[in-house]
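Data first, discussion second: the structure below is written as C-alpha cells.
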Amino acid sequence: MAIVDSMNNTRLPMQVTPADWPGGYWWHWLFFTVILIVFVLVMVMGAIYIERRGLGRMQSRLGPNRVGPFGLLQPVADAIKVLLKENIVPNSADKVVHWLAPIIAFVPAMMIFAVVPFQNGALLADLNIGILYVIAISSVSTIGVFMAGWGSSNKYSLLGAMRNVAAVVSYEIPLVLAVIGVVLMAGSLSLNQIVLKQDIPFILLQPLGFLLFFAAGCAEINRSPFDLFEADQELVAGFHTEYSGMKFAMFYLVEYGEAIAMSAIITTLFLSGWRGPLLPPWLWFILKTLIIFFLMVWTRTTFPRARIDQLMALAWKFLFPLALINLFITAIQILVWPDALPWILIFINIAIMVILILLWSKFFKLGWGRIEV
Amino acid sequence: MTVALSIKEIASQIEKKYPGSIEEAAPNSLIVKSDFLLAIAGYLKDTEGLKFDYFNYVSAVDYYTYFEVVYQLTSLEHNHTVIIKTRCYNRENPTVPSVTGLWQGANFQEREIFDLMGIRFEGHPNLKRIFLWEGFPGHPLRKDYLQ
Amino acid sequence: MTTTGEITFKTEPFVLNFGPVHPSTHGVYRMRATLDGEVVLDIEPVFGYLHRGIEKLAEERTYTGFIPLTDRLDYISPMSNNLGYCLAVEKLAGIKVPERAEYIRVIMAELQRLANHCIAVGSFLSDCGAMFTPFMYMFREREKILDLFDMVCGGRLTYNYMRIGGVSQDIPDEFLPALQKFMGTMPGMIEEWENLLKQNEILLARTKGVGILPREMAINCGISGPVARGSGVKWDLRKADPYCIYDRFEFDIPTGEVGDCYDRYRVRVEEMKQSLRIIKQAMEKVPSGPVRAEVPHLIRPPAGEAYAHIEAPKGELGFYIVSDSSIAPYRCHVRPTSLINLTALREMVKGWKVADLIAIFGSIDITMGEVDR
Amino acid sequence: MKFERYGIGLIKGMVVTIKHLLRHPTVNQFPEQRLNISRRFRGNELIWSRERCTGCASCAKTCPQGAIEIVTATNLADNKYEVQKYQVDTGYCIQCGLCVEVCPYDALFMGYSYERAKYRRGELVQSDDELLESPQRPASGYFHPEIAEKLPKQTLLVEKIVEKRK
C-alpha cells in the first residue's frame, strides 16, 4: 500500500471525517483499509453467488443450492476447497514470475476501491485526481496477467495473455475518453465531487458515454462478450491454465474483484454513486453496484464471444470515434449552453446516441467474415 | 431414386476406351485391373453422361487369396451409382493406386485401409497409420491377424 | 530496420496442440495447429484415441449381436446407426419390413435427427463462446426426446431398438400421446432459441463468411449431410435414394448459399423444422400390425454383399456388409460420416484465427465414436 | 428499415434470457426428487428365474459380450436338464437386452433398479441365487408387457414443464 500512502500526502483535506476522530488520519487509514478488504471479499463472494445463481436460472437450471441456505455458502465452500488444493507449478515454468503474477494482478484490483466513495466522504483517500488514479491502477493488473501467461510456459496461457495486453491497451482509450465526458460535466476529477455533482445521474446526461464505458470496461476486465483472454472454448482457461490452489483462487478473486470495481466505478460515474432516497447511502451504493454487475452477468449469459480482430476493430473503429464525438458534443454543450435545462439535454443526448449508434453500425460492420485490423 | 447403372453398359464403354482393363463384370459391380484403376476412375469422373463426382466410400475385404478394394461412386447430377472393385493378389505387399488426386474424400479412408488392412495406396500424399500408432504389429482387419 | 523505415520482424510459426483433452474438441479429437500469432497456417488432425476396432468386432458377432455395438459408433444418434445397419442386413437378406415398423422407424430416425441437431447447434453456439446458454436450452429439448426414446426402448443413450426386420418391440400405448405433447411444445422452443441468437450481431460477425466450404470442394471431399447442404449441395438421401418410406412424406431440403458456418447452423435449424413436419405426417398414419418380420435370431443371409446408406443426422451413414452365409458378417465396413466430413477441415481453417478454428470445427459436428470407430 | 445489425439481435437474446430467469427451472434435484423411470428401463442387473430356466443357453449364445456363463447337466432322476451354474459378469454387460429378448421361456428380465454400484470388481460377477428377483432387484418391463403394466407411469419432462407453466 506504499503508493496509496505516498499519495495520501497530497490529498485534499478530509472533508467529512468526524472532527473528533481519535488519532485522525492514521486511524482513518487503518479503519478503511480493513473495511475495504472485508468489503471486497464479501462483495466478491456475493458476486460469485449472484453470477452462478443468475447464470443458472437464465439457463433454466438452479445453480448452486446445496451449501447453506439457498446455497449462499457455496463461495465459502469453493474457497475452502481451492485453498486445500495442491499448488502445482509446471516444471518448465519461470517459478518467480509464476508465483508473483497472481499477487501483482490482485493488488490493483483492491487498490481501485481506495478512491471509491461509499457515502459522502466515506472513502480511504479522496484524491483530487481520483478517476485518473483508477484508470492508472486498473491497467496494472495486465502486467500480472501477462506475467502469468509468460511464467506458465504454456502456449495457451501465452496466447491468452497476449490477447489481454492487446485488448487492454486498445480499450484504455475509449474508456478514458468516455470518462472525460463525465469529468467535463462534473468539473472535477475527484470521485466524491463527481458524485456530489450528480443531481441527475450522468447516465441520462451521458447515455452514450455510459454505453462506451460499459463496453470498454467489460473488455478491460475480461467479461463476456469480450472474455477472450480466457476463452475456455479456445484457450482452455487462458492465462491461468497452469494455476491451481491458492494462486488460482487469487486469479478468481481478481476476476470478480475487478468486475465489482468496475461496477463500483460505473455506479460512481454514471449512476450518482451513493445518492438516493430513503435507504442509507452505502446500501444505495451496493445496490447500484450489484445492478451493474447483474447487467454484466446478463450479457455474459446471452452473448457469444467476439474474435480478437473484431475486438480490436470494435475498439478502434467503433468505440474510439464515438467516444471522441461524445467528448466533443459534451464539450460543446457545456461551452455553448451551460445553463440548459437538464431534461432538454437528456432528450438531445439520447437522440444523439441513437443516431450515432445507428450511423456507425451502418458504416462499420462488426467484421463480416475476414476483416483487416 | 438412385439408379445403379447397368454394369454391362459401363463395362463395354470402358472396354472400348481401355481394352483389357476389365477383369470381370459382376452383376452389381465392375471389377477392374488395378493397373487401369486410375485411368478408369478418371474416365468415370469426367465423362459426360457418367459424371461420378461424388465418392461414397472405399473399403477393402480380405478374401485370403486376394484383397478386394471396393469403391462406390455416385453422380449427384444424374443420381446414379456404380460400384467398382479392384483386386490385388500380392499378399506380402498389396498395392493399389490412390484415387485421392481425383476425390479428396478418399484421403482418410485410404489411410484407414492402409492402417487396418495393410494395402498400400500408391500416390497417396500422406500415407501414414491413422488410428493405430506407428509400429503397431500387423494389420488387424486381415483375416489372418491374430492377437 | 531497413533504410525505408520498414520494420522487418522475423516471426516464426509455432505449433499449438489442440486436444485430445480440450474443452471443445468434441471428444478426443486432436489437431496439431501451426499458428502464426493468432492465424492458423495449417492443421494436422490426429485420430485414433477412441479406436475400438468396431469393424473387427463385427466379424466376431452375430448379425443381431452387432446392433448394440452400432449404438457406440455415433453415440449422439444411435437410432440412425441402428437403422443404417439393419437396412444393410435387410438388403442383404431380402427381408420385407412390416408397415408399422417402417413408420416407427421413420419417427425414431427423425426424432433422432432432432436430438442430434440439438447437440450440434448447441455445441456449435457454445463453441462460438455463448457461455453454455444455448447448450443448456437445447439439452433441455433433447431431454424431452430422450424421455420418449427411454419410454420406447428403455435406454437413454444406447437404444438398441431397431432389429433386422423391424423394431425390437412395439411402442407403448402412452407413446403417441406423449409424442403429440412434445410436438406441441417443440416449435415454440425452436422459436425461442432462434430469438436467442439467430440475429445476434456478434454471432453473425463470428460466423458469416467464416470457414467457407465451396460447393465443388464439398462434393470432391465427399462431404455429406448438413455440411454439404450448407454449401449448397442439394443432396439428401431421403429424397435422392428414399429408404424406408421416406418417399411418402412431404418435406423440403434446406440448403445454404455461401457454405459458411452460419449457413451450416441455419441448415441444421431448418432441418429440425422439416423433421417436425415429417414426424407430424408419420404419427398421424401409424398403422396397426406387427412390428417385426419373422426373422430368425441367428440370421444367415445368403452369401453376397450389400451397401445400404441412410441420411443420418450428420450425413451419409453407410454399412457395407459382406456375408459368407454364416451367422456373422464376413466383413462389415462403416462409411463414417464424421471422418469423411473432417476431410475438408484443413482447407477450411487455413488463414483463419484460432477462435475461428474452433467455430469451424464445431460447425462440422462430428462424434469421435464414429471418427475412430 | 430493418433493424438487424443495429443491436436488435442482442436485445432479443437478452429478452429470452431474462424470461428464463423468471421461469421455473426445469431441473430436478436428483437424490431428493426422483422421477419415475421408464417402464422398459434396462437396468444394470439381470433378473433370472430359476424355475422357468431350462438351461437352453440361448441367452449365452446371443450375448454380444459373452457375459453370460451357463453350465447345465442332465439330471438322470427327472430325465431333464438342470442348470448347475448361471453366472453373469455385469462388468462386461452392455445392457443391450438381447438375452431377455431371445429367452424362449421368459426366464430372464432386465433389472428395474439402479444405483447398484459395487465396491469391488469381483462383486460384479453374479451367479445363481444373487440373480433371483428380490425387493431390491425388481424386474423391468423390457420385453415383458405384463410386468410393464404394473410399473408406475414414467414421468415425462414434457408433461412436467407444461404443468408448471400453467
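Every chain is named by a letter (A, B, C and D) in the order it is written, and numbering of its residues begins at 1.
In this text, a residue touches a chain if its C-beta (ideal position, glycine included) is under 8 Å from a C-beta of that chain, and two chains touch if they have at least 3 such contacts.
This is a predicted model, so every value here is computed, not measured.
Asks: Give the chains in contact with both chain A and chain C, ordered by label.
Replies: Joint contacts, listed by label: D.
Asks: Decide which interface, A-D or C-D, involves more C-beta pairs in contact, and give its chain pair.
Replies: C-D
Asks: If you average the CA coordinates per chain, which chain's centre is most distant from that of chain C?
Replies: Farthest by centroid: A.
Asks: Roughly how far is chain C from chain D, going centre to centre by Cα mean, in whole Å?
Replies: 26
Asks: Counting only Cα atoms for the centres, state how far chain B is from chain D in Å.
Replies: Using C-alpha averages as centres, the distance is 43 Å.
Asks: Based only on mean CA positions, could you tell me how far chain A sits from chain B in angstrom?
Replies: 62
Asks: Suppose each chain is reduced to the average of its Cα coordinates; what separation in Å results between chain A and chain D?
Replies: Between these chains, centre-to-centre, one finds 51 Å.
Asks: Any chance you could list the residues of chain C touching two or more other chains?
Replies: Only 133, 140, 196-197, 200-204 qualify.
Asks: When you check chain A against every other chain, which residues touch at least two of them?
Replies: If we look for residues of chain A contacting two or more partner chains, we find 58-61, 301-303, 365.
Asks: Under the stated touch criterion, can you name all the chain pairs that qualify?
Replies: A-C, A-D, B-C, C-D
Asks: Any idea which chain C residues touch chain A in the complex?
Replies: 14, 16-17, 22-24, 38, 125-133, 136-137, 140, 196-197, 200-206, 208-210, 260, 351-358
Asks: Hey, which residues of chain A end up touching chain C in the complex?
Replies: Touching chain C from chain A are residues 55, 58-61, 155-156, 159, 163, 224-225, 227-228, 231-236, 300-310, 365-370.
Asks: Can you check the complex and tell me which residues of chain C touch chain B?
Replies: For this pair, the touching residues of chain C are 47-48, 51, 53, 55-56, 217, 219-223, 233, 235, 240-242, 305, 307, 309, 316, 318, 320, 322, 330-331, 333, 335, 339-340, 342-344, 372-373.
Asks: Any idea which chain B residues touch chain C in the complex?
Replies: That would be residues 1-2, 53-57, 59-62, 70, 72, 76, 79, 83, 103-109, 112, 116, 129-133, 140-141 of chain B.
Asks: Which residues of chain C touch chain D in the complex?
Replies: Going by the criterion above, the answer is residues 61-62, 64-69, 133, 140, 143-144, 147-148, 150-155, 158, 160, 168-169, 172, 174, 178, 181-182, 185, 192-193, 195-204, 297-298.
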